[in-house]
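For clarity, chains are labelled A, B, C and D in written order, and residue numbers in each chain start from 1.
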Amino acid sequence: MELGMIGLGRMGANMAQRLQGGGIRVTGFDPGEQARAQVGAKGVAVVASLQALVQALPAPRVLWLMVPSKVVDATLEALLPLLSPGDVVVDGGNSWYRESQQRAGRCAAHQVDFVDCGTSGGVWGLQEGYCLMIGGEQAVVSGLSPLFQALAPAADRGWAHVGPVGAGHFSKMVHNGIEYGMMQAYAEGFALLEKKAEFALDLAQIAEVWRHGSVVRSWLLDLSADALRQNPALDGIAPYVEDSGEGRWTVSEAIDLDVPAPVITLSLLERLRSREDNSFTDRMLAAMRNEFGGHAIKRSDG
Amino acid sequence: MELGMIGLGRMGANMAQRLQGGGIRVTGFDPGEQARAQVGAKGVAVVASLQALVQALPAPRVLWLMVPSKVVDATLEALLPLLSPGDVVVDGGNSWYRESQQRAGRCAAHQVDFVDCGTSGGVWGLQEGYCLMIGGEQAVVSGLSPLFQALAPAADRGWAHVGPVGAGHFSKMVHNGIEYGMMQAYAEGFALLEKKAEFALDLAQIAEVWRHGSVVRSWLLDLSADALRQNPALDGIAPYVEDSGEGRWTVSEAIDLDVPAPVITLSLLERLRSREDNSFTDRMLAAMRNEFGGHAIKRSDG
Amino acid sequence: MELGMIGLGRMGANMAQRLQGGGIRVTGFDPGEQARAQVGAKGVAVVASLQALVQALPAPRVLWLMVPSKVVDATLEALLPLLSPGDVVVDGGNSWYRESQQRAGRCAAHQVDFVDCGTSGGVWGLQEGYCLMIGGEQAVVSGLSPLFQALAPAADRGWAHVGPVGAGHFSKMVHNGIEYGMMQAYAEGFALLEKKAEFALDLAQIAEVWRHGSVVRSWLLDLSADALRQNPALDGIAPYVEDSGEGRWTVSEAIDLDVPAPVITLSLLERLRSREDNSFTDRMLAAMRNEFGGHAIKRSDG
Amino acid sequence: MELGMIGLGRMGANMAQRLQGGGIRVTGFDPGEQARAQVGAKGVAVVASLQALVQALPAPRVLWLMVPSKVVDATLEALLPLLSPGDVVVDGGNSWYRESQQRAGRCAAHQVDFVDCGTSGGVWGLQEGYCLMIGGEQAVVSGLSPLFQALAPAADRGWAHVGPVGAGHFSKMVHNGIEYGMMQAYAEGFALLEKKAEFALDLAQIAEVWRHGSVVRSWLLDLSADALRQNPALDGIAPYVEDSGEGRWTVSEAIDLDVPAPVITLSLLERLRSREDNSFTDRMLAAMRNEFGGHAIKRSDG
């Protein structure tokens, strides 16, 4: 089977290699020359334009998008005129599922099939395989199964056709919401261990022991143990936590569906908070306390 | 009626004056010479020792404690041997209600009555009157009613005998838990107004307009409007919010009673968070994201 | 000054009366005959169609919309073709501020001015006056000041021109977010008092005493005291709390602006939770506990 | 090596078997005849009294307590007079670490060593091994290493001496706090999938696919997948979630240490909430809404 990989960033480059290693013939494209060169050096064929990519592939073509969610629309706009009826576009990135539903409509107008594939696994996927949550029509998804078998940790597990178009990215969105909550739970727990000066606990040791037989063992714990082993005091790391869109979408979706999801929601808010500088909320609280109780206000330097 | 006021800090000094203004004869004591001098200058009799205070009062004596919660036990220990059966001790400070219950027992061993009086009103109480939540035996509380009438905003309102010993401080504790939640709600709302650069809102104006006819009008809003009028950008105020014990006790009590109180609880946690420096939780999150996704870590300066 | 009031539900009917009582000549319209009849019986002129309303008013006309947010667009669509350049539409309901901004554009295409007016006060507004947060162009808002003076608690307070179109509904949205948080704080506190069987507290008494001199005094507390006086055990009231859109918009806006607003957010989620029946989240937790610990699952009747 | 196991409930019985299978000679005691009989039938020697247990063991004796936390003190009181200097007591249950510290002192008065061992693994520990977090003096813990090697998943991992007495139960307490947060995150996510009727998602399928290659793979997810496979709609399970003490202790400890742990805290509160019937908080909210807005109250049947 052949596939054109559009987007050769960290994720796309690794996936191209894993596919190729799994017997899929991959041609890659990325607008960046350096990205192309790096993937080319790994033995993956690369081309310098979407036109060249489309021409290099046998019909019906399979194009896999692995680009930032904000350029998916622009990419589709450039790509669709080049495609033929029966071609398939897979969006393997972190797109919002409602946009995926709309994009399927736009593809259908060109008689091009659309599949949304939520992809988890991060930088470890190349080696361990990716978890794939796939949305689309049954026949289309079936036709792509060799790709999913090559990308997943094993041919028979780690990938699933979970529903119609949109269902793949929806499942991935919820997956990331859960991820936020789990990460926050671990981080709070380790912070508590760290603060308990009385016991002088070795956090890396505790993370390691929990990996074996405990209720909280997980892959995120494996990674935490690794991070703490390398840098036990987490020196030099700023307390600044980014978020990508999936957490926000999950919180918004939960409210739309009237599902209270307090822990996932708070996990997102804590990330926002980590990036706040000179919180107005807290200054307002300090000002109020001063007003009613005459409590001293701590002066800021600024 | 006469009363001995023990503790002439901000609260005790103001209360002594309000009582005196209300026709109660007050003798004050504070270990600090300066505190005594300041209150003396306001026309309140002061003495320099607990012994002198006890001797200055006619039996049965009424001693009102207005001292930090952590010195209540020491004060009682020094005071009780000086008292006579039938004397009354009122703890008007922010003590934990369970300690008040124990202290009532200790007083009873000396045939001294104990009353716990939760006192709200802050620095405005001198002028506007204090809200008093009183726990104790019916007969004892009744005997003290002239004091409560003088301290409250009016003789017939703003004070109440709410239950047995402990009930006063319990009610005050819950009052403060509510206060935390209200303050946090306002502060979050003002922060949202402030962040909406598109509208260049005048927060003091909005606080002022809300004071008249809106659902959120309150005394805390009056104070907020005042604070924002004086310092619209809250310049020079550090985003650092202290907490006194009542919030912690409320959270703990709610859990003990199996009552979920998420908003009061979060309001306390936000105060803890405001005082965190270089949060380990957030560094742990950043480290995990780097481990699984290769996401860049922001380096700290330190 | 004259005004056409569109929408004679609970809010619109009361506002028409207050305006009329304040010297404004009001003509009302509502599609419901009963609503028209009730307002007519209070001495307000009513008409049976938008056409009749527009014809009844002198140019330049002022039309005040007091309709559910989901019918604002349909109402505008019917209304705009009837209006003339220089007329003004005020949306006094709980619309989303971004829709108000779009509607101003649609009005502008007809040379009709648009003003968004966030209105607080509920059923008490007729008697106590409404709090009005107004967005729009300076000249337009100024021209309407007699209306605002009549609606507000007093001519010189309780109303404010807070910014350009959208700013009025934005401020009202945040106001309601704060309201959610305050209500939840009080409700949690009263639940805690209620659960403390040891003290057999009289909640109405405590609510009443807090109204005088305490830090938590507010209009919501006044109403709480009234509710508890009438029904101390809140008998016959289902633990079911509706939410209108403003809370959801506030939470969404806060996340969009990267402002963590945990207490306002949790207050919304608690309302969602109050309406859940047979929570899947909780059943999943019970199932997990059973899986790892063999903990007994409580069987449901269903 | 020999060991006396006190408490042959679910955990104690399984641990006795795993120890025996690992070459440790175990004698078991439980006050319940049935518990003794069941363990006896598995080939573990059992005795009918603490006296018999102590006599059956060679000095220096090792006694492992696996009893409910609330009977640890009573058990120790009965046991300590029977022991000799140099004997060791291990508390393998879920005790509060501060009580463990006090108990070590009580044991020391008898020249008996005390070790606190946090034990995770639930009903799966018999087969997969237990995760053990151990607090105590170095020499004492070292002497017990054959026991830990037999109980852990492997001789060289899954157990660790994490610090002085108390550190074992402290680490286990934090472990359980994290567990609460992780469970809540998963449960919220699955509830969101379940509520999305549009996609008719198969939750067991999604749980299964996440187990392979995803960021959220974990042992709790393995169990969740199993639970959903057996009972996809979680029929017959009441939305009622118990909590044991560790979550409460974790929340309390976090506040004592000034560490904000919002997700762990909320996870506990959600469990309290799951057990609420006719929430007073929610009735209070409904009553307030009715007061200010005339919003209809939903009547309860009761």
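Assume a contact is a pair of C-beta atoms (placed from the backbone, for glycine too) under 8 Å apart; a residue touches a chain by one contact, two chains touch by 3 or more.
The structure displayed is predicted, hence computed values, not measured ones.
J.: Touching both subunit A and subunit B: give me those chains, sorted by label.
T.: Joint contacts, listed by label: C, D.
J.: Kindly list the shared contact partners of subunit A and subunit D, in label order.
T.: Under the touch definition, subunit A and subunit D have B, C as mutual neighbours.
J.: Based on CA centres, what chain would you say lies at the far end from subunit A?
T.: The most distant chain relative to subunit A turns out to be B.
J.: Could you tell me the distance, in whole angstrom, between the mean C-alpha positions of subunit C and subunit D?
T.: Between these chains, centre-to-centre, one finds 48 Å.
J.: Just how far, in Å, is the C-alpha centre of subunit D from the one of subunit B?
T.: One centre to the other, that is 39 Å.
J.: Starting from the mean Cα coordinates of subunit B and subunit C, work out the distance between those two points in Å.
T.: The separation of the two C-alpha centroids amounts to 33 Å.
J.: For subunit A, what residues touch not just one other chain but two or more?
T.: Subunit A, residues with two or more chain partners: 122, 184, 186, 188, 191, 195, 215, 219-220, 258-262, 266, 270, 273, 281, 292.
J.: Would you pull the subunit D residues touching subunit A in the complex into a rising list?
T.: 120-122, 125, 128-133, 135, 152-154, 157-160, 162-164, 166-167, 170-171, 174-182, 184-186, 188-189, 191-193, 195-196, 198-202, 205-206, 208-221, 250, 253-254, 257-264, 266-267, 270
J.: In the complex, go through subunit A and note every residue touching subunit C.
T.: That would be residues 215, 248, 251-252, 255, 258-262, 265-266, 268-270, 272-273, 275-276, 281, 292 of subunit A.
J.: Touching subunit C in the complex: which residues of subunit D?
T.: Residue list for subunit D touching subunit C: 10, 122-124, 183-184, 186-188, 190-191, 194-195, 219-220, 223-224, 226-228, 231, 234-242, 262, 270-271, 273-274, 278-295, 297-300, 302.
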